[in-house]
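See below for the structure under consideration.
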Amino acid sequence: MTELLKITDLDVEFPTRRGTVRAARGVNLTVSPGEVLGLVGESGAGKSTIGNAIIDLLVAPGRVSAGSILFEGEELRGRSEAEMRRVRGDRIGMIFQDPQTSLNPLMTIGGQLIETIEKTNDLSGSEAEKRAIELLEQVGITEAKARLSAYPHQFSGGMRQRVVIALALAGDPDLIIADEPTTALDVSIQAQILDLIKRLCRERDLGVIIVTHDIGVIANIADRVAVMYRGEVVETGDVAQILGAPEHEYTKSLIAAVPRADRKLDRFSSVDYIEGGTTPFKRIDIQTHWLGQSLRERKTGPAVEVENLNLSFVLQKAVLKQNRKMLKAVDNVSFVVSEGETFGLVGESGSGKSTVARLITGLYRQDSGTVRVNGEDVSSRPKSAAARAARRAVQMIFQDPYSSLNARMRVLDIVAEPIRFYRLTKTEAETRQIVGELLDHVGLGAKAALRYPHEFSGGQRQRISIARALASRPRILICDEPTSALDVSVQATILNLLKDLQQELGLTMLFISHDLPVVRQMCDRIAVMRHGSICEVSETERLFSAPKHDYSRHLLDLMPRMDLLGET
Amino acid sequence: MFFFILKRLAQSVLVMAIVSAVSFSLFNFVGDPVNNMVGQDATREQRIEIREQLGLDDPILTQYTRFLGNMLQGDFGLSYRIKRPVDQLIMERLPATLELVFVSAIIALVVGIGLGVYTGIRRKSWVSRVILSVSLVGVSLPTFIIGIGLIYIFAVYMRWLPSSGRSGTVDLGWWKTSLLTVDGWRAIILPAITLSLFQLTLILRLVRAEMLEVMQTDFIKFARARGLSERAINFRHALRNTLVPVITIIGLNIGGLIAFSVITETVFQWPGTGLMFIQAVDFVDVPIMAAYLVFVALLFVLINLVVDILYFVVDPRIRLGD
Amino acid sequence: MTRWERFKDNDIVWSFLHSPGAMIAAAITVISILACVFAPLIAPFDPFDPSQISLWDGKLPPAWVEGGQPQYLLGTDNQGRDMLSTILYGGRLSILVGLAAVCLGMVLGVTLGVISGYVGGVTDAVIMRIADVQLTIPGILLAILINGIGRAFLPLELRQEFAVYVVIIAIGLTDWPQFARVARGATMVEANKEYVQAARIIGLPAWLIMVRHVLPNTLRPVLVIATIGLALAIIAEATLSFLGQGIPPTTPSLGTLIRVGNEYLFSGLWWITFFPAIALVVLVFAVNLLGDWMRDALNPKLR
């Protein structure tokens, strides 16, 4: 018997007042020792449910309604809470997504480790401490002895995730379930954590289940892959086969939607398996439409000019200036975006790329430097009529589809707000008609106007956001991570929409993202940012083929391997 | 740590300065101090003399500085009604109030936190449901109704305990305590329960709510996934994290005890500062009102300082900086 | 779906329809408010009409107790007024004062809180320091103080007439920091959300963003505070009146009735205190129950 874990015909139900939701249906999975199984799927696919079901920690009122979970030949279903407690930690370890919240903030790292070691190993205090130091060293934490008395908030995100892994390993388990272990981390840390998990798996002959939405993570670490869609495992197989030659229609469209890092495609291949993938609604003729009137305002020359922009945030207040701890969020940044081009700003979190966007739109005020929009200085006297008028040409699409729409307003009122405020139409009837046409044009349908934002999915909300931005008839569109909160298949459709709009309206676009493959598909030129300053500005294809700056090269190296992906 | 306390201290001084300014303005805006001192039918000469005595013709800032100086020495002037120094009156009555508040605070904290933790852990048990329902009644009972009810049951109907007043006091020279004799305890128990009940239910409900909130966090989920015992999860992980927000509210609530002692003391005719205050308001006896205001604010500020220091002890994020 | 079905499908409405406690509480609240508002129509007697009061009928026990008379269901007070009628009229005053005081505190607090949270900087610092200082004086104490000062300002002959307004202002003024803090906290959360940034980029002026975008999104927590605040305001009014600082005995509120009745408690005339006290507790309990349910139903974390 080689299987460590064998799940057969597993059903998980969540009774709700609108009927029972079957979060997992007839799931079959196996994991062998020394093997990493990738469990991949989009949000709502039920992948996390499987992990929680194995260790019997389903969120109430969820329950396993059928099937069996054999672990080392023993049935885990129907065990008492006390019996399960001896399985958790001792034989099955768990790693969660967010290292910021997975550790008790009021207890030292050592305290949490020793507590877990004592529970799982029956070791006395000093032996447990020795073991704790060993564990920390194994997960790559230096000066482990001194770190025992530190509290979680004194550690960085990556370090904390290492501590979380050490805690999961404390009981010397045979199986580790890692639920999106790298999603909350920066790319460079992601790679380190994945390497660590893979190394531990091989060294200790552990079985590992990695639950993730990220095909890149799968490509980097998994030996075998199970693809989930709406509670069912639609396809299982070797990682090379799943990524290179998927058989199931869903897997095919999922893989096709993944942005290619290795080359630039004209459009994302249309994904027909997913809702909202096609745009059945009528589009408007831009040339004659109200929306196209801004085309006549088209100018030549630079659309956005940023010159020596600086902004510092106060990290720690103090009365004396020299005692204040400051963070240079934007450090002498200059660049020019020409009319009609798509300019990318790339960097890890905290690199200042979003701050630059907020400086251009006037949400923040710069310490020094200038921003010019269509030649008009909008930064030195931001409240002047001229600056306001110029800034109206700039609109923005935000990252979070949930908080970027006012939940208390109808879609109609959200989209119509700029039209009404600037009196861009003559009558209310005309406003309503235009809102309907805009919603049609972004692929949502005019009927959406009378509903509220919460009735829509993440991708649909992003379309509402886009319609709202268009209602100001912008010439420049700033997209701040517009798809990073979305599933890949939805991401592909939104990115296609943005590309279409840019071509039709000749928009100038500033595209901000941490995701290099996405940027490669979208942008003409790219600026790489780090610690608030720009390392390199380059034509997209030149950056990917011949990066000049060390940091650009480093980022490119961290991109997920795409060689397993087949031709599409 | 030092700077943190220093900053808090500076804030406290600011608060006290504002409160003292407000209480100073009471003298000038509420009634005519001269009328209050000598009555309606005093002669013109008498009035001028008193005006000069009190320095009422000096610039307002001079008067305020003088008021502050006197206040710092504990001098709040003479009561308009009783014609005795206010600080003396307060000091005489302070032990009664502080002992009452102290006993109530102990009851509210011990029982409130205890039941809060119990209902937080045993969420589904029927005992918890009963405690919660009763606690909601507790929040809905005005203090004076509790007092009247307890008096009627235990003093009028059962005749077990005295209905009013403070008795069995022992004079320690600088402090008259009623906590050393059985009689003293018999007298304090009803008012103390009356005073504590409202705060007790508030603390109970707060601790429970915080406990439920903490139970939803990722680190509790992770602790479960490591197979830690319920005991370790409830007490080592959840309870301490619950205490951080609870400490602040409890600080505020002890301030609430002082406020409601006014009502309890009236119902039980307890000879404390609260009863004195109510009588002073009735007769617009400004020196006592002003002094009481400053005194309550001072107690409140002190409690908050203690709370801040407790924060330090409990939360390493504040102690060690981010 | 019909309009009603869609309404019923709303999470909060659903939670309400499946919480017997909340429904009972709402029923009691609505019935008490109606009973008190329509007191002149429902009450068997008019306690303020001297022609209907006779001292001969004073101190009668409730109808079911020996010596009680059927026309006085809950007995009469020392002056011969029908208890049931005085309670209805008294409750009317209590509810009115409570509602008015909460509205005053809410309007003041929410306005200052939203401005404080959205504008930030010096404005925020000043407003919140004032709130902090005010919070160092416990609410009921401050209400007693403001009430006392307010009365001292009025000439003797006007004190009774204006007592109700003085009480409303005293309680309302002590309430506002709670509302300001909650509104400010919610505003700061909302102001950082991207929909507000989007509104700023569109170019809307600050006041319009505050009124149209921020305010409606801060109302949920404010509503919870307001409900609990109503219970507290009713208690505060009763407490002031009980202490003899509030509503005068000529037009008694529930608190005044309890105060008057308390003097007869020792002589065994329990009903003069007991019934007004029960009426007050039931009213406050119902409002609290409603507030409690609202807090749970509106808290997305607990759902």
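First chain written, first letter: the chains are A, B and C, and each begins at residue 1.
Convention: contacts are C-beta pairs under 8 Å (C-beta built on N, C-alpha and C of every residue); 3 or more make two chains touch, one makes a residue touch a chain.
Keep in mind that what you see is a predicted model, and the values were worked out from it rather than measured.
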(request) Average the CA atoms of each chain to get its centre, and name the chain whose centre is farthest from that of subunit C. (result) A
(message) Of the chain pairs B-C and A-B, which one is connected by the greater count of C-beta contacts?
(response) B-C
(message) Centroid of subunit A to centroid of subunit C, CA atoms only: how many Å?
(response) 47
(message) I'd like to verify one number: the distance from the centre of subunit B to the centre of subunit C, where each centre is the average of its C-alpha atoms, in whole angstrom.
(response) 23
(request) Determine the centre-to-centre distance between subunit A and subunit B, using the mean Cα coordinates as centres, and give it in whole Å. (result) 50
(message) Under the definition above, what is the set of subunit A residues touching subunit B in their complex?
(response) 55, 57, 84-90, 93-94, 96, 98, 101-107, 115-116, 119-120, 151, 153-154, 164, 167-168, 170-171
(request) Could you please specify the touching residues of subunit C with respect to subunit B in the complex? (result) 129, 132-133, 135-141, 144-145, 148-149, 152-153, 231, 235, 238-239, 242-245, 258, 262, 265-266, 270, 273, 277, 280-281, 284-285, 288-289, 292, 301-302
(request) Under the touch definition given earlier, write down the residues of subunit C that touch subunit A in their complex. (result) 14, 193-195, 197-204, 208, 213, 216-217
(message) List the residues on subunit A that touch subunit C in their complex, please.
(response) 17, 358, 361-363, 388, 391-392, 394-396, 398-400, 403-408, 417-418, 421-422, 465, 468, 472
(message) List the residues on subunit B that touch subunit A in their complex, please.
(response) 217-219, 221-229, 232, 236-237, 240-241, 244, 314-317, 320, 322
